[in-house]
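See the structures that follow.
Here come two complexes built around subunit A, the first alongside subunit B, the second alongside subunit C.
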Partner chain A sequence: MADAFVIETADLRKTYDGVEALRGLTLAVPAGSICGFLGRTGAGKTTTIKILLGMARPTSGRATVFGLPVDSPAASVDIRRRTGFVGDDKGLYDAMTVRGMIRHTAAFYPQWSRELEEKYLRRFELGAERGIKTLSRGMRTKLALLLALCRGADLLVLDEPTTGLDPAATEQVLQALVGHAAERGVTVFFSSHQLADVEQIADHVAIIDRGRLAVASGLDDLRQNYRRIQLVFDGDAPAYTFQTRGVERVKRAGRVMTVLSSAGIDGVLGEARQLNPVSTDCAPVTLKDIFLETVAVED
Partner chain B sequence: MIWQHAFLETRWRFLIGLVLLPVSAAFVALSYPQVTALSQSVTPVPGTALGREIAAAMELSKTYDGYVWSQWFQQNGAQLGSFFAAMIGTGGLLSLDAAARLFTLSLPISRERLLAARAAAGLGQVLALTLVPALVIVIVSPVIGRGFPVLDALAYALCAFVGCAVIFSLAFLFSSMFSNVWAPVLLALCAGAALRALDTITGGMGGFSLLRMVHGESYFYGHGLPWLMLLISAGVSLALLYAGTRLIAQQDF
Partner chain C sequence: MMFRPNASSGVPIYLQLMEQVKHAIETGALRAGDQLPGIRPLAEEMVINPNTVAKAYRELEHDGVIELRHGAGAFVTGAAREKKLTDRLRAGQTIVAAAVDKLRARGVTEAEIRRLFEAELTRLTAKGEQRG
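Take a look at the complex of A and B:
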């Protein structure tokens, strides 16, 4: 793929009946990456996905997929031709059978792979003649994933793909996803509440908070650079604003000041020396810590 | 495949209509001997509206062509056709559950094409529901020793189709506004009933009567097909379908 980024948005805004769902989202998803899109409920994840796939129009700002503008109806058809989508409710036509649903979907994609279709039908143990209505949530998810994987897409967009699945089904879905991405070099952009899923398969993470991008980074960089630095003082921790680049959040509680840094510890420690802390302690943080610190509710 | 999906969505309504309407049309045609026998024993009460209607119906029933026209093309066929046209016109994208709707919208096809396929499939079904009963009348008439000209049947079917297409298009438009499947049916039928009432009150609005066009009245009385009304109605249908399509095309889901 020639483009460095498959998905790009700039100052993307969406307002529904006066409510701002997106408030200037600027995001770039690298080609070939598996990007976990995290955020609290109502943060704007599904709205972003809907805009990328032409289901909703942006109020302002710019968004492109494969370099094509998402708000152009003709370009949007091209985008969808190259994209596999699994919605959070695993939307399928209840009146059809599994085979009927596959045939229906396959008809829209000239690059549909019968080989992959048979492979995933076996692997997911999907009875081809079963009615969609009779499928469990797990089976619906697997069928929705099959429909997304077999179409020869360059991009997979998945909205909460593992929500409501048991651990075994979750593992099966994630393994299929990772295996497919690795084999075919497709870009995967998936929203999730399941931080463990993201840590397991993603190599990039984007965290959205109240319609804005809060964090975007490679997962390894995130693990390497994010640190929690705890400073303990003789008396109450001073009210102080750090000038060092990468200070994401500062909390004070009595004698303790906790600094979350996204640029390692050196800069923060250097600047903190002038505050004369009696002790300092540095610790790496998990994705969960970063997520919670980033999207923390401000009471 | 979008055609197949559009057809599948309304297949049961269509198939029920495709059984009910031809059977009703055949019943009307085959009942002619019994109706003529019965009419000889009926004396309409003069001076009342009902009496005048019965007298008019008896007058028309003196000929087989008049009987078939008045009983099927002017009454049962037009009413049943309108009902099924509204039933077929309702549904579509908004009536799907939210998840299935998003799946549909994620397919590489424009909303305009999706709706055009649904409109075309629906109009095809409405055409079948107006044409097949008319041809059934032609086919069963010899059973009672009568004949009904194919050309006449086709002319009445054309009028009925264009009129029912307006009802279909109304339901199609209302389906772009309401997710409930029954609201568009009720609204389209109410609009049809309002047109009928207006027609009755105004005595037909000169030559511009949708109702008389649906019945093929001018053709029956030897004045030929109502081309102007057919064209106007077709234009109205297209405008309604276009408006419904634009409404869906501009919506956020």
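Take a look at the complex of A and C:
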């Protein structure tokens, strides 16, 4: 794939009945990455995915997948042909059996892989003759994932793929995703609020908050560069605005000032010295911390 | 080989993987000429990102610990054992750097840090002499 980014949006906006679901989302998902798309419920994750797959029209702004505009009907057909999608409702027909659903789907995709189909049928222990109506939530997710993996897609888009799954089923789903990404070099874009899943398999993360991008980074960069610095003062912590690059949040509570930095500790420490703190402490930050610090909490 | 990354520690997973490979070589679990698992099987087994495994392998090759033979896979180099000393020093440097950062963060000056290190080494030497 020649393009550096498989998914790109610029100032994307979507308003439903006067409610702004997206408020200028600018996002880029690198080709060949596994990108975790994080945000609180209602932050705009599903709306973004719907727009990318032509299931909703943006109010304004630009979005492309494989460099193709998502709001052109002809391009959208092409996008969906090259994309495997696992949505919330899984798009399964209750009246069919597992095998019936597979044959029905395979008929639409000339590049369908029978080899992968058999591999995942076995690995997911789906039971080809079972009726879809009788499948558990985890089974339905695994079947939907099988349908998305076998069609020879260049991009997998998954909306909350592990929500409601037990740990064993979650591990099976994640394992299929990394295995597939390694073998076929596909790009995986998955929304989640399971931070542990994202930390485990993603190499990029995008955090969306209230319809806007809050953080976008390689996960290794995040681990290496995000630090929390705690400064303790003799009296009340001073009201001070840092000039150094990468200061994401400053919180003051009594004698303590806590600084979240996305650019290591040196800049903040250098500047903090002139404030004469009585003690200073630095600690790495987990993805959970970053998530909690960057998304707005309702009050 | 048992690689168990900790996804939620602040350390990038590719660095953890590199450390574990180096550790396996130091303990003799991996020897010169041994083949490492392929990127895809290892990513799948550990359920981590294949790009992360590829990055760790590239860095290990850059450090001379492994050799990537095109199409054949990754192999522990003969030089790996000789690398032990430099690796140990490099690991030590990381520890010292972290300690120095912490001290500086607490407002300890460079001269004071130097004195602290020297005092600590002197104390060790003194202890050794007492015993001997």
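As a convention for this text, the second predicted complex is superposed on the first by the 296 of 299 C-alpha atoms of A that agree within 3 Å, B and C clash if a C-alpha of one lies under 4 Å from a C-alpha of the other, contacts with A are read in each partner's own complex, and residues count from 1 in each chain.
One rule holds for everything that comes next: a contact is a pair of C-beta atoms (placed from the backbone, for glycine too) under 8 Å apart; a residue touches a chain by one contact, two chains touch by 3 or more.
What you are looking at is a predicted structure, and each value in this text was computed from that prediction instead of being measured.
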Superpose on subunit A as described above, then tell me if subunit B and subunit C fit or clash.
fit
Answer with first, second, both or neither: which of subunit B and subunit C does A:133 touch in the superposed model?
neither
Looking at A:245, would you say it contacts subunit B, subunit C, both, or neither? Reply first, second, both or neither.
neither
Using the touch definition from the top, say if A:104 reaches subunit B (first), subunit C (second), both or neither.
first
Examine A:94 and indicate which partner it touches, taking first as subunit B and second as subunit C; both and neither are also allowed.
first
Answer with first, second, both or neither: which of subunit B and subunit C does A:56 touch in the superposed model?
first
Looking at the overlay, what does A:80 touch: subunit B (first), subunit C (second), both, or neither?
first
In degrees, rounded to a multiple of 10, the angle subunit B-subunit A-subunit C between CA centres equals 150
Would you check which partner chain A:114 touches, where first means subunit B only, second means subunit C only, and both and neither mean what they say?
neither
Who does A:285 touch here: subunit B (first), subunit C (second), both, or neither?
second
Just to confirm the value: shortest Cα separation between subunit B and subunit C in the superposed three-chain model, in whole Å.
26
Where on subunit B is subunit A touching in the complex?
1, 4-5, 8, 97-112, 249, 252-253
In the complex, subunit C residues that touch subunit A:
7-14, 39-40, 43-44, 47-53, 55, 101-102, 104-107
Per the touch rule, the subunit A residues reaching subunit C in their complex are 32-34, 171, 174-175, 178-179, 181-183, 196, 199-203, 219-220, 223-224, 229, 265, 269, 273, 277, 279-288
Residues on subunit A engaged by subunit B in the complex (per definition of touch):
16, 50, 53-57, 73-74, 76-78, 80-81, 83, 85, 87-95, 103-105, 107-109, 144
